[in-house]
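We just call them A, B, C and D in the order they show up, numbering each chain from 1.
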Amino acid sequence: MVRSAFILVVVLATYWLMLSGYLYKPVLLIVGTISILVVLGLSWRMKILDAETAPYFHGKAAGYYAWLFVEITKANMSVIKAVLSPDMEISPTTTKVPIKQSTDLGRVTFANSITLTPGTIAVVMGESNILVHALFSEMTDAADFKDMGDRAGWAVSDPMLGRIEKGAS
Amino acid sequence: MEQALHYLNVGAAMFLLIGMALLLGRLLSGPTLYDRILAVNSFGTKTVLFLCVFSLIIGRQDGIDIAILYALMNFIATIAVLKFFRYSALDVSMNYSSRGDLSKTVVGKAEMSGEDT
Amino acid sequence: MMEGFTPILLLDMGLLAMLVVVAFAVVRLRSLFAIVMLQGVYSLLSAAWFVSLDAVDVAFTEAAVGAGISTVLMLGAMLLTEREAKPVPFQKQLGPLFIVTIVALAMFYAVGDMPAFGDALSPANSYVGADYIAATKNDIILPNVVTAVLASYRSFDTFGEVVVVYMAGLGILLLLGLNGNAGKWRAKPNGQNITGRKNAAEQREDKP
Amino acid sequence: MDGGVLHMLQFVISALLLAGGVFFVIAGTVGVLRFPDFYTRMHAAGMTDTLGAELVLLGLIVQAGFSQTSLKLALIAFLLFLTSPTAAHAVVGAAHNAGLKPMLGKYRAPALGEAPEVKSEVKPKPKSKSKPKPRTKKKAT
């Protein structure tokens, strides 16, 4: 809870400074502080100050996003080939992909990664699997999805999550 | 060099406008209403990009603020429209009740066919 | 390069041409849902055009109100009516056509009296406007003159405008479905236990 | 002269990124126009949203240099990166929920002369859905 509040304050302060751009005008800084405090109070009252509102981002996860960007570029190439060829040969397929993640954040990251990669899109989120629509049948390789799922789960893994929830209760 | 950057940006903005005009075709002809929602969403993304390029062209930062607002509003409007067609009401809160298993589907009250013209 | 012809003018013309196309489509289409979507697109395009006219504050309002709340209002209206518009007989179209023609002629006539674009001697730039610009820096420390004029100097006659922005905020809250949901947020999707969250949820329940 | 070289480099990088981004945006739009059914169009739109938008914004960031403008542009890129897959998933999920069937199997675009015939092997869907009702006028509740 305290960690989430701290992350929220840091994010909000960065956002305010980024949008206003005045680092040395006291009036604007005071107004900004007031609005950050109001937001903090409201979210405390709504009881949404938890690991989901202010997720923890560890530096290693940047590697995941770099990997994802490469994947997106590769997938884009194959989609663009289909779009621009005169007889676009596509073979739309649907398939079910199992989800291993237990946290909401992990599930969302995995499903969003699938959707971000062009050619595959998460249609329905189930309890234990996702229905995926793919543009080419060769894109529905179970091993690829497993690889992506493992990486996504690793990227959002939060070593302190269990301890924090225990500490709060 | 300034002049070259200016023309580069104008060219990019021009192509974005062409893309928007092409999407307008899908929006007008889209056979199902979901095609239209998709077209509007994509159109919004292109408008955000256009506003960014344009505010660099005219050298004013304020355009980028509007682009930020649009990036958010576009998302909210898309979700609102979809919510409208799923529940045929806007005051339904989107909580976990709408998430179900693949086998037992939670079907909204308003079930309507995809065809809309 | 031609006198007065800049590449930005070309972009403006593109935007305006698309506005015309969208407007005609709105008039001609029968499917009301498509019309609502097209109105959203119209608002996007007109905001881009306002930015090009240097009217950034108007574009901001257009973005908040046009794209957000008016789409929702139109959808709400559609909920009460049918999904298709009935064709209007030609006789009934004559009256509105007459009114629209008169208004358009009046507006074209009025354009002749408008000051030239960017004229330093126009009323907007010469009398009070200059005072506001000079005084804002000391009176109100906010850097944006338009905000200072709207929210402070003329806060009573622009009260409506403030209400509009407030309504846009309310509309977003309506969309996100926060009504009656405060304090009930509990992560128990289909009874599944999500790492450590259940404890917190149960604890919340314990408290009366 | 050093500054000139730096400016030249900035211009070239920015031009390459912008050209690539605009190419992806246009190709995505063409895909939205050409693809045969809603689900496949969604893939093309997603292409615009991811690589096209990010490349254009990256090109603009290179142009703006290190300033508040580029920070704001990076914020927009981040917001698009977060919201576009969510919006895409919401659209597809709603279409699926309403019973819009995806076209499965092989597809070839018809040549210019021939009539557009869509041949699709309709596979049984993975879940039993209630049939979409024919359009009925909805009453206000």
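Operating definition for what follows: a contact is a pair of C-beta atoms (placed from the backbone, for glycine too) under 8 Å apart; a residue touches a chain by one contact, two chains touch by 3 or more.
Note that the coordinates shown come from a computational prediction; the quantities given were computed from them, not determined experimentally.
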item	value
Chain pair, A-C or A-D, that carries the greater number of C-beta contacts	A-D
Innermost chain, where centres are averages of C-alpha coordinates	B
Intercentroid distance (Cα basis), subunit C paired with subunit A, Å	30
Mean-CA-position distance for subunit C and subunit B (Å)	15
Between subunit D and subunit B, distance of the C-alpha-averaged centres to the nearest whole Å	10
Shared-contact residues (touching 2 or more other chains) in subunit D	28, 30, 42, 68, 72, 75, 84, 86, 88, 97, 126, 135, 138
Two or more partner chains touched - positions in subunit C	79, 83, 185, 187, 189-190
Subunit A, residues touching no fewer than two other chains	19, 96, 124-125, 127, 131
Complex interface listing, subunit C residues touching subunit A	141-143, 182-183, 185, 187, 189-190, 192, 194-197, 199-200, 203-204
Footprint of subunit C on subunit A - complex, ascending	22, 25, 27-28, 46-48, 50, 52, 102-104, 127, 161-162, 164-166, 168-169
Parts of subunit D lying in touch with subunit A, wherever the complex brings them together	24, 27-28, 30-31, 34-35, 37, 39-40, 42-44, 46-47, 50-51, 68, 71-72, 75, 81, 84-86, 88-89, 92-93, 96-97, 102-109, 111, 123, 125-126
Subunit D - residues contacting subunit B, complex	4, 7-8, 11, 14-15, 18-19, 21-22, 25-26, 28-30, 32-33, 38, 41-42, 45, 48-49, 52-53, 56-57, 59-60, 63-64, 68-69, 72-73, 75-76, 79-80, 83-84, 86-88, 90-91, 94-95, 97-100, 126-127, 129-130, 132-136, 138, 141
Residue numbers on subunit B that touch subunit C, as the complex places them	6-7, 10, 13-14, 17, 20-21, 24, 27-28, 30, 33, 36-37, 39-40, 43-44, 47, 50-51, 54-55, 57-58, 60, 62-63, 65-66, 69-70, 73-74, 76-77, 79-81, 83-84, 88-96, 99-101, 116-117
